[in-house]
Structure formats: C-alpha cells, structure tokens
Amino acid sequence: MSVLNNTDEQIKPVPVMELYLFGENTLEKHHITSTSQISQYITQPYKLWLNVCGLDNAPILQDIAKIFSIHPLTLEDIQNTNQRPKLEEFDEFVFITAKMIFTKSGLEEIITEHISLLFGHHFIISFQEKPDDIFDAIRVRLENPSGKMRKLGTDYFTYTLLDMVVDQYYKLIELIGERNEVLEDGIIGDNKNIKLADIYLHRKALQDIRKSTWPLREILSAWKKSDHPFIKKKTSVFINDIYEHTVEILESLELQRETITSLVEIYMTHLSIKQNEVMKTLTIIATIFIPLTFIAGIYGMNFKVMPELEWKYSYPLIWIIFITTTIAMLYYFKKKRWF
Amino acid sequence: MSVLNNTDEQIKPVPVMELYLFGENTLEKHHITSTSQISQYITQPYKLWLNVCGLDNAPILQDIAKIFSIHPLTLEDIQNTNQRPKLEEFDEFVFITAKMIFTKSGLEEIITEHISLLFGHHFIISFQEKPDDIFDAIRVRLENPSGKMRKLGTDYFTYTLLDMVVDQYYKLIELIGERNEVLEDGIIGDNKNIKLADIYLHRKALQDIRKSTWPLREILSAWKKSDHPFIKKKTSVFINDIYEHTVEILESLELQRETITSLVEIYMTHLSIKQNEVMKTLTIIATIFIPLTFIAGIYGMNFKVMPELEWKYSYPLIWIIFITTTIAMLYYFKKKRWF
Amino acid sequence: MSVLNNTDEQIKPVPVMELYLFGENTLEKHHITSTSQISQYITQPYKLWLNVCGLDNAPILQDIAKIFSIHPLTLEDIQNTNQRPKLEEFDEFVFITAKMIFTKSGLEEIITEHISLLFGHHFIISFQEKPDDIFDAIRVRLENPSGKMRKLGTDYFTYTLLDMVVDQYYKLIELIGERNEVLEDGIIGDNKNIKLADIYLHRKALQDIRKSTWPLREILSAWKKSDHPFIKKKTSVFINDIYEHTVEILESLELQRETITSLVEIYMTHLSIKQNEVMKTLTIIATIFIPLTFIAGIYGMNFKVMPELEWKYSYPLIWIIFITTTIAMLYYFKKKRWF
Amino acid sequence: MSVLNNTDEQIKPVPVMELYLFGENTLEKHHITSTSQISQYITQPYKLWLNVCGLDNAPILQDIAKIFSIHPLTLEDIQNTNQRPKLEEFDEFVFITAKMIFTKSGLEEIITEHISLLFGHHFIISFQEKPDDIFDAIRVRLENPSGKMRKLGTDYFTYTLLDMVVDQYYKLIELIGERNEVLEDGIIGDNKNIKLADIYLHRKALQDIRKSTWPLREILSAWKKSDHPFIKKKTSVFINDIYEHTVEILESLELQRETITSLVEIYMTHLSIKQNEVMKTLTIIATIFIPLTFIAGIYGMNFKVMPELEWKYSYPLIWIIFITTTIAMLYYFKKKRWF
Amino acid sequence: MSVLNNTDEQIKPVPVMELYLFGENTLEKHHITSTSQISQYITQPYKLWLNVCGLDNAPILQDIAKIFSIHPLTLEDIQNTNQRPKLEEFDEFVFITAKMIFTKSGLEEIITEHISLLFGHHFIISFQEKPDDIFDAIRVRLENPSGKMRKLGTDYFTYTLLDMVVDQYYKLIELIGERNEVLEDGIIGDNKNIKLADIYLHRKALQDIRKSTWPLREILSAWKKSDHPFIKKKTSVFINDIYEHTVEILESLELQRETITSLVEIYMTHLSIKQNEVMKTLTIIATIFIPLTFIAGIYGMNFKVMPELEWKYSYPLIWIIFITTTIAMLYYFKKKRWF
C-alpha cells in the first residue's frame, strides 16, 4: 500500500483550514490559506488547534506533515480514507484515526467520513474529508474562557472532539432503534409494505456502524492503558466515560442485530403460515368438488343402457348424495382442525 | 453526552427523599424536603441512608452531589436512565449503578428502573426513578436492633440493597420459566392459540433481562476483586453469594433462550408436517378423481359414431374400470406410505 | 435469597442419617436419630462420615451446622436444591455442592438430586435430598480394611463420593448415545414413528445434563488448583482422572448436541423431499388429465352446429389425440427428470 | 470409573508383543511371549522399544505395568479404549495416549484404535488394540544404523511414532476432501444420486476425526511447553513441525465442515427451486384449462331453453373464446416471468 | 510427512534463479544456472537477494539449503506447497512461508502460490512456485540508489516483499466486494441470472482467501513481538502498517461473509414469496372454477326426470348463480388480502 510516491498529480483543491490559538486568556481564530502561515503561529506561546478539511491535496498535507514532523506512514493513514481506526503513540504526539458516522436527514443518508486527530504538547490537529463537520459545539465551548477546554491539556481537547464523534453514533443508534420498531410493527402486524430489501439494507447499515465502532473501543481502551506523557490522569475519568459509551453502543448494536434476526425468522414463518392457509383453502374446495364433479360426470355419459337415468327419483337421490358427501367432508376437515 | 449544561429547565417535581440515621442503638427516620436538612444530619455520629426517589429535578440532585462531593460525570450517570450498569471506586465512596427489573402483576408489565447506589464510610445513598420500590423488606430488617444491617458496615448495607434487586431478577426468571412451559405445551401439543408474536415478545423480554444482568455480574466481579478500604473482607462471603446468583440467572437465561430457539424450530417443522398432510390429502383426492372424471367425460361426448355407447354392458364395465382404477391408486398410495 | 429466617415452619420429617466411624482398624456404623449423638461421636479418635438424607427439616440441619460450625450461607446452599454446583474453601473444611443425575430405569425417569459434600480434617458430611442413593459401592469398599478409603485422608474419601456421582453421568451419556442412534436410524431410515416431540425432549435432557456437568468441571478445576491443607498431593492424580472424565462427558454432550442438530436438519429436508414428491405426483396427473378432460368437455357440448360430431372417424381420431398428448406429456416429464 | 478391580476374568488372548533392543551399533528384535522376558532385556545397556498389541489380557498388562512401575490409573488409561487423548508427565516416564485413525480401503472403513505411548530414559512402550498397525515404516527406518532413530533419544523415537499417527490423519483429510468434491459436484450439478444420508454420514466422519485431533493438538502443545528431563531441546523442532500439522488438519476440518454446511444449504435451496418449478407447471396448466373446462361444461348442460345452442356460429365463436383466453393467460404468465 | 528421502526422482526442471548483489552504491543482477555460482557471490561484501522460482528440482534446492545452512525440516516447508504460513526464527536467519494469492484477469482465475522468504544478516532468499511473479515493482525500486531498499537492512527488504504479497490480497478483496454487489443487485432486484452455484463458489473463494490471511496475521504478529537480532526497531513501524492491513483484510472478509449469508437468506425468502404467489394464483382460479364446473356438470346429467331442465328461466338463473358465486369468492379473497 504505497500511496505516497505518486508526485505527478493534477492540481487538487486546497483544503479548508482553520487555526485556533488559545490559552486561558486568549482565543484567536485564523483562516489558513498557505502552510507557511502555520509555521508562523506554531512558535507563539499558546495552544493551537488546526482543523484541516479536505484530504485530496497531497503537497499541502505533506507540508503540514513536515511542520509537525509526521511520519510518512502516518500521513498515509491520514489520507487513506479506508484506514482502519487506530491509536498510535509517537514521541512528539499521539495519533488517532477514526470514522465519523452521522446523518443530517435520516437513515437513508448516512455520511461516513475519515477523521484523524493528532495531539502533541501544545497542539491539536484534526483532519477531515469535508468542510461540513460536527464540531460546531466545540467552537462554541472554546469561546468560554473559564471552560475546561481552555484550561486543561490537549488530551482533554482531543477527548471533546472524540466525544462529539461518539455522540453522533448514539444518535444513529436511536434512529436505528426507531427503524427497528417500524419493521417490527410491520412484520408482526403483518403489514404488506415491509419489503425484504428494507430489512437487508437495515442489517447492512448496522454492520457498517459496528465495523467502525469496534476499533473505536480498541482506541479508547489503548488510551486508558497508555502512559504517554501527553495523556494526563485528570482526563482518564472522561475517557472512561466515553469508553463506556462505545461499549454501550456495541451492546445496543448486538441487541438490534439479534432483533433483526428474529424478525426475519418471524417473517419467514409468517410466509409459511400463509402458504399453509392458501393450501388448505385449495384442498378443501378441491377435495369437496372434484369427487362431486365426477359423480355428475357419470350421469352425463351417453350410454344407451344406463338404468339409473330412467328412474323417477334418481335426480333427488343424487342431490342427497351430493349433500351428504359435502357434509361428511366438512366434518372430516373440522375434525382435522383445518378451519 | 453532555446532559449537564442545560440549566434553563422548567420546574421539576422535588424527589421523594427519606433519610435514616442508624447505629447499633439508634434508628431515626426523617422525610427530607430540602437539601439543607441533609447537611444537618450528615454531621451526626450515626450511619446514614438517604433514599432519593425521582431523578427529574436537576438542581436538587446537584445540591446532593455537592454535599457528598459527587463528580459531575457520576451525577450524569445517576441521572441518565440509559446508563449501563457499572461500579466505580472513588476516594470518598464506591459508586454502583444498575437496573432494577421487577413486575407487580406478571410478565406483561415488566418495570425497568435505573438505580444508583453510593456508599461511603458512614453513608449510603440510593437513587431511584420512582417512589414505588422493592426495599420494604430492608426497612423492616433495619428495625431489628440486633440485625446485621445495623451492626455491619455500609458495604453490607449496600449488599442487602443489591440482594433485593437480584432477588427480583430471580422472580422474573421463574415467571419466564413458567411462560416457557406454556409455550412448550402449546407448541408440542399443537395448540392453535400460540401466536408467533408471543414467542417473539417472549424472546425480547429475555434479551432485555440479559442485557441488564450481564453488567451486574461484572459489577459484582469488580466488587469481589476490589481492595477499596470501604469494602471489608467480612462481606465478601455475601458478595460471593450474590455473584453466584447472577451467574445462575445468566445460565438460566441462556438455557431458556436455547429452549425458545428449539421451540421455534419445532413450530416451523410442525407447519411443514401439516402442509405435507394437506398436500397429500389434495393429491390423493385429485389423483384418483381427475382421471375418472376424464373417463366419464369421454362418454359424455356427443359424437354420432361411438360404438361403446350402444353396447349393452358398457355401463357396468365402466363402473368396473372406475372401481379398479381407484383401488389401484389407493394401493399405490398405501405402498408409498402416504397414509 | 434469604431462606433462613423462616423459623415458624411445620414439623418436617427427620432426615435419615447414618454415621460411620472408621480408621485403619476400625469400622463402626451408627444410625443417628438425634443430633446430640453426633456431638458424642465427633470427639472419638476416628474419621467420621455422616450421611444425611433429607433436607426439609431445617432445625436439625441447623443443629448439624452448629456442631460442625457451618456458616449460615453455606447451610443455605446445602438446603437450596436450585443451588449451582460450586466448591468453597473454609478454614475448617472444604465445601462442595453438586447435582447427582441418575436413572434407575431409563431416560424417561432421570432423577436429579442436590448433593452437598463437606470434608474437614477428620470428617466427611454428605447431604442428599432422599435416602435412596448411589453410594452402596462406597459402603462395600469401606468394609475392606486394607482399602485406600480407610487409609487415605478425607479428601480421598470425598473423591470416591464424587467419582460415584460422575460415574452416573457416564451411564446417562451412554443411554443418550443409544437413544441418539435410535433417532438416527428412525430419521435416516425414514421411520414414521419418530416424533418431533421426542427429539425436542431428548435435546432438553442433554441441556439439563450439560447444565449440571459444566460447573462440575469448574469444581474439579478449582480442587486441582487448590492448596488447602486438607487437599493432599496424593489425591491429585485421582482428581485429575475424574476431571478428565468430566471433560470427556462435556465433549460427548457437545458432539451429541451437534448430532441432534444435523438430525433435525435431515428431518426437515426429508419433509421437503417428500413434499416435492407429493407435488410432482399431483402435477403429473393434473397436467395430463385436465387438458384431456377439457377436450372431452368440448365434444360434450350440445351446440346444434358442431361438424366434428357428424364425422365418421371423429371418435377414433380423438382417442389418437388423447394418447399422443399423454405420451408427449410423459416424455416432457421424463426429460425434466420428474420421475 | 474403576475398571481395575475385576480380577475374575476369563482367559484372554496374550497380546502380540515385539521388543527391539537398539543402540548406535546394535539392533535386536525379540518376540515376547511372557513378561519375564522383558525384565531380562530391560537391564541391558541398550535402548528398548516394546510394542504391545492387544489390551484384553489384564494380568499381562499388569505385569508390564509392574516392570516399568506404571501407576494403576495410567494402566487404566491404557486399557480404556474410550480414554480421551492426553499427555502426562511422571518422574520415570512421559505418558501419551491418543487415537490412531486410519483406513486401508477408503472412507467406508475408518478404523479407530486407541494407542498409548510411554517413553522413559531408555525405553519406549507402545500399546495398541490390534497387531495390525501403521508402524512398518518405523521398523524399516530403525534398521538404518546411521538414522536419527538409532542416534537420538527416546523422545525422538516417540516423535516418529506420533508422526506416523498424524500422517494417517492427513491421508484421511485428503480422502474427505475428495469425497467433499464428489458431493459438491453431485449437488451443484443436481445429480440425483446424492442422498441426504451420505451427507449426514460424511459430516459425522468429520466430527469423529475432529474429536480425536483436538486433544492431539493439546498433547503436542503440552509437549512443546514441557521441561521434563526426557524431552530434549533437539527434538523441539520436530515436535513443532508435527504440531503445525495438527493445526493444519484442524483448519482443514473446519473448512470442510463449513463447506458441507453450505452444501446442505444449496441442497435445500435446490429443492425449493425445483418445487417452485413443479408448482408453476401445475398452476399454469390448471389456470388455463380449468376455466376452459367450465365454459365447455356450460354448453354441455341440457336445459331446454339455451339460445346459444341454436345459433349457427356458436361453435366457432366458442373456439375463439377458448383460444383468446389461453393466449391472454400465457401472456400474463410471461409477464410475471413464470417461464 | 517425510518428503525428503525420495532421492530417486526423475530429472526435474532447474528453477529460474536470479541473484541481486546490492549496496548503497552497487547493484548487480546475475542469472544463476548452477548453485556453485551462488557460493561465489555470497562472499562478496554486498547484500544479496536470491529469487528462486520453481520448487520441483529437489537436488538444487538441497544445494541451496546447504550453502545457507537451512535445516532439512525448513527445506521441507519450502517445498511443501500445502505448508501452512508461519514464521520461524533461527540463529542464521528468519524464515517466513506464506501464500501469494493474486489474479491477472479476474475472480475466475485466482492463482495461489506458495512463497517462502528467508532473511539473514546480509542475504534474502525468496522461493516461489513459478517464474511469473508480483515482484516487478521491487526490481524497479531496487534500482533507485537512494531508496530505502538499498539503505536499510534485510528485514526492510523482506517487508517490501511481504507488502507486495498483502497488496495483492487487497486487490482481491476489492474484486470480491464488486462481485458481492453484483450478487446483491441480482438477488434484491430479483434477477433470474443469479445462480446458486455462483453464490456457493463465491463463498468458497472467500474461505480460501481467509484461510491464507489468517496465518499471515499470526506471522506479522510474531514479527512484531520478535527480538531477533536481524529484526530492527526501525522497520517495526512498517511491519505495524502491514499488520493492520491484514487485520483490515480479515475484517472485510468477515463482513463480506456475513453479507453473503444474508443474501442467501434473502434468496430463500424470495423463493418462498414467489411460491406463495404461485399457489395463490392456482388457488384463486381453482376455488372459483371447480365449484362452477360442478354446477355445470349437474345440469349436464342425462336423468329423465330433472324438472329444472324444463323451466324457461333456468339458463339465465344459472348464469346469475355463476356470477354471484364468482363475485362472492373474489370478495372473500380480497378480504383475506390475497391480492
């Protein structure tokens, strides 16, 4: 997987970059258009949050990598949107890459974005695929001079970013729970509008979310056990909290998966029950009328010598045969509990 | 998951609070209406049990949190009724949050309540969602001056509260076992009243209970391994006992889950067997009478030249054909063991 | 789970108690009718086996508990016939509780009994639910003065008791294996006498045995790892032996469970195959004769103007049509490999 | 499980015993008929391989046990052909018991034999059920004076015996793989000759082999970790090799099990597809002709007043109705993609 | 498994061998035709990569083994194309054997090749089955004098070879993902062209890849934990990267396996739904027309005395009966929601 060496790329759009300088008494926001600006701000005695939105312009990302001395393989992880979530510790920073899964409208439009977070002694860098993000609440909280985000270290800052990410998972879980109930009502209530494809796609959405959540748990577990100097004891209670949330999300997903499995089973059984009913109807009708039709057929024959045809009471007699046969059949089916 | 910062809430009902002061020779019960009362009792040289019923009034809960120096994240866990059960150790107290699952009437009305227990050196606090609880036996046992509840530490007291909670699980398990037997009798005895939805809902109830029991086991396991100063060796035998109960509950749930799975399988197979029977009935009748009807149809044709029609013994002959064909068919089905 | 405090019980039958005093040169058997007798024998310089059959009379059991200083929770475990098997170590003795599963006639009548074993420095106590037990071989071996039971410690004695219990599991496994073969022959040989309920109940019996065996393995594993002073190195080879037996029993159960699962699958498939056959028969007959009947029906119509009716060779012609149609159909079915 | 004490047995056949004395320069082969001979050879300064074929004659086995000081429980493990494979270390020797599974003709005749291997400082004993064995290659290699078998220790010798055993598993796996392909071709190619019972028995054979292989892996794993003085570092590379083979066998078995499971699934689905086809044929024929027959039936009625019967063009008209109805039906089925 | 001793083999083709001598300033490529050439180059002060393509000529491989002092069992692992992937550490070198899985055209032609890699202090040897390989990119990168391949150690070189191998897995995974989508579209869109055999073979391909990937992960995990002197810290970041790739491949495979399982389920359910539809069509038609045909049959009887036949309005009346019966039936089916 060597994505790095392709230097001959076309001109790609410059990523949208915003840079916050902040301390207990300071908060400055700068829009960055060239990487040289970053080098300039990095020397100032404040903490720095660089939010980079857009991963297509390799040269600019490489410049940023040089400024913060990011290893080429790590840069590759940042750029590779298929990268599995993980946490890696380096001397200069801690590197986290994860998946943001969120929706703006509903389950039909789940957006999955690759996000990378790096935090060093006094800087945090976040890389996202697109400018449109879920960090507005962060920006608001950053404006509060007495808030923890300004006072505590870069690890706490990174925690709040991760917390935003995990919160979005929660919201999805809730939406999935609601959809599950719709499916449940539809299947148990035998609503015709439930389509198999719906269940299939629903199950697939669950799978996707689980695929991203599982390594998230590993990341947080690694953080909990880490003794990296930039990870302070003070934030451990927060990390524990977010860790439990991922555990809860995973358990919910597991439960919902089981629920879907039983729903599919119910669906199949419903089909069998209905088919059984259809077959019974056919069988009852056919079993009663086919023999009767045969009897009628007999006396529709044109043989010259058929004594019954001449008898006076043949016709009422045959009606008695028709009716008693029918009653006997119905009694038999009743006894067999077919209806 | 930041539930804390919403300070602008409407006026919420004050929780129902009762406070017990007790020692080997003392037992006082107070109804608390304002949090200032608590501060007053806390200084007295007795052990204190504060039972708070109602989690909606955030300011009052925050006052209590301040009095007992409860961390905001822990308070959040107390208020968040979706919080996953867990045990956390702090310097000042041990914090446990769990699910109370109980029923007053039957399996139709399972009540799930979020409960939090905190015990420090000389106090126990229990937070419940609603005043209506399962702790009446505790109140009675507390009145016994020579009982262990008065003599032993706050960890033993918390154990008895947890024991009450686990006892309710046991009762549910029994009810579920009974329901299982009803379903079993219904399905094996081929009773028509068993509905698929019943099985589905039954299985879902099992899932819910298991979801709450699993972390309960983890809590008790953590307690067993804990060396927190408030957790004394003396209570370890009791905790072991309750731990085994949760293990037993989980095993029972697992067994009942397997039982339901085989029941569904049996149900499906019953359906297939019945369908087979229906099909055989149809096939036997149709296979016998359709050819006969054809034969009768032949001699119902109105061709001018049909020599058989003129013969004298055609009619008895055709009856012989009818009867031998039928006997041959029946013999064939008998040989195939269709009935 | 507080079963202890109900002191107001009705008079319950006194348990059947037998007491053996034994040493290398001594063997005395006493029938105990009151607990005071036990206190008297306990002081003698012999090893002592007290076998208590019957758990209903709480006061007597409490007396015994006092004599041997058994903790109330342990006594509760002895009395609670739903107690999960376990091994607990105390200073004065090692406590084991398990399930005896045995049958006197066959798989129809599996008896499950709760059994508790306690061994101290010089005593063994066994508590059973009913007098009727599986320890006769023990009594015989005890009479052999040079046997290991007389020479070795109380741990070896307890081992032999447990060995008897596990032996009964073996016998059940064999019976289950035989039943499995009966089911297998029935299903593969397509014997009609196999009922679904049989398979279901068979599977349930497996579950029950497994439920009791699993913790037995844990008990023996705990014994193996134990460094309790009453558990001597010399018996470790025997415990290892019995431990392996439980492992083997569990593996056999697992295999038989898998076997049953595939049998059910075979059963279901057999049903489908048969249904397929039934359907084919119906379809062949109906597909051949329904069109023929229609043709016959055409010439049974009474239209005034139907030229064919007047023709001379209509009737033989129609027979040719009947026969060629039938042959064509049969050829088609043959080509489709329907028979 | 006390198989030992039954001393009153009938005279059982003496096992076939061969004894090899070997050193770097020596190789003697002796046929043993009485155990006293063994005692005589054991004192000689050579390594010794005693191969005992036949486990029925308890007294002779007990004599051998005495000569090599084998513990009664170990002897029981040697004799008990249901004994689970295991490795046990004693001061005087290492004891291994395993299952030989091999076939001389094909999968129809899999022979399972209980084999026990013991190796001490200068002796190896192998116990088999029957004289007919798989060790001929060993005998040949032993004759090579410069071979490792003559030079290296008893652990290497035992390794070669085990290697022979595992080799037979490999051959079985290959046969099973071939059979799998036959089943696969049969089911996917929709060959009628595949019977469900074949699949079932095939799956059962897999189970049996797995049951024996699993503990084999444990044995070799225990050997690898062992620091018994008779197990030398030099053989570790060989043991590692054989260990990997068992891992590979287990993985192959697992894969083949999965393959069979999907084959059964395919088989079931094929059944459903065929049934669907049968049903469609029936439905198409019946749906076309039953209404037509009804129409023909109408004009077969004998009412006096039926104006259509008198009309001149009734008959051609009714043919037009027949034909258009049929074409409409066929078009409908075509549109529904039924054929 | 002794493949070694068969010395009497026919003349096998000499493997294609290429040898690279390289240092920071040197790069020589030699085509080797006899093993004596190798001995000559090995003494030169450069690093050496020997690429051997073809495993059939045992004597030549044995010569190479002698030159590099490769253990006979290791040589066996190199030659045995069924060898399970593994990593083994020796004093002179580290040995890795793995499976190359790649395709040149598409999923129809997956090529699996056994590859073995050995790296010592200054040499790397790669053994492949066939000359046609995936290492062209390596050859190009080797020509770059300032590239890491020339500067870093033999472990880095081996890493790049392994990276090539794992890259091919990635490409396969992508192809499989695409195929999955084709199947998905086919099954959900109810496309008739999807054959069961396709799904089965697709699932089998997944199994095969997984079988090779799983041990690959173990190999890389072992490398990560290794403290062999030839494995330098500097390459650990690269190995970590490739390790994560295998984890990702395995997770993708797992996800795709689940997807296929649900697809098969959907397929089965589709079949059931269609069968249900077919049955309903048949039942509706039969249930309407069979009774009507019976009625028509009645009045086709030729009894002398049948008063209805004489009535004037019998015929219109019977039409009214026909039509109302049909409407009633259709209403009934509508109410049952059959269409």
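Order of writing sets the chain letters: A, B, C, D and E. Residues in each chain are counted from 1.
Definition applied: a residue touches a chain if its C-beta (ideal position, glycine included) is under 8 Å from a C-beta of that chain, and two chains touch if they have at least 3 such contacts.
Composition by chain, UniProt nomenclature: A, B, C, D, E = Magnesium transport protein CorA.
Quick caveat: nothing in here was measured; it's all calculated off a predicted structure.
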Target subunit E, source subunit A, minimum contact steps: 1
Subunit B against subunit A, contact positions shared by both copies (same if over half, else different): different
Superposition rotation for subunit A onto subunit C, Cα-based, multiple of 5°: 145
Gap in Å, rounded to a whole number, between the CA centres of subunit E and subunit B: 42
Subunit C residues counted as touching two or more neighbouring chains: 268, 272, 275, 279, 282, 286, 290, 293, 297, 300-302, 306
Chain contact graph, described as a line, ring, star, complete graph or other shape: ring
Ring walk, subunit D to subunit E and onward: D, E, A, B, C
Interfacial residue positions of subunit C with respect to subunit B in the complex: 1-2, 71, 73, 76, 82, 84, 86, 88, 192, 196-197, 200, 203-204, 207, 211, 264, 267-268, 271-272, 274-275, 278-279, 281-282, 285-286, 289-290, 292-293, 296-297, 299-302, 306, 308-315, 318
Subunit E-facing residues of subunit D, complex: 163, 166-167, 170, 188, 237-238, 240-241, 244-245, 247-248, 251, 255, 258-259, 262-263, 265-266, 268-270, 272-273, 275-276, 279-280, 282-283, 286-287, 290-291, 293-294, 297-298, 300-307, 337-338
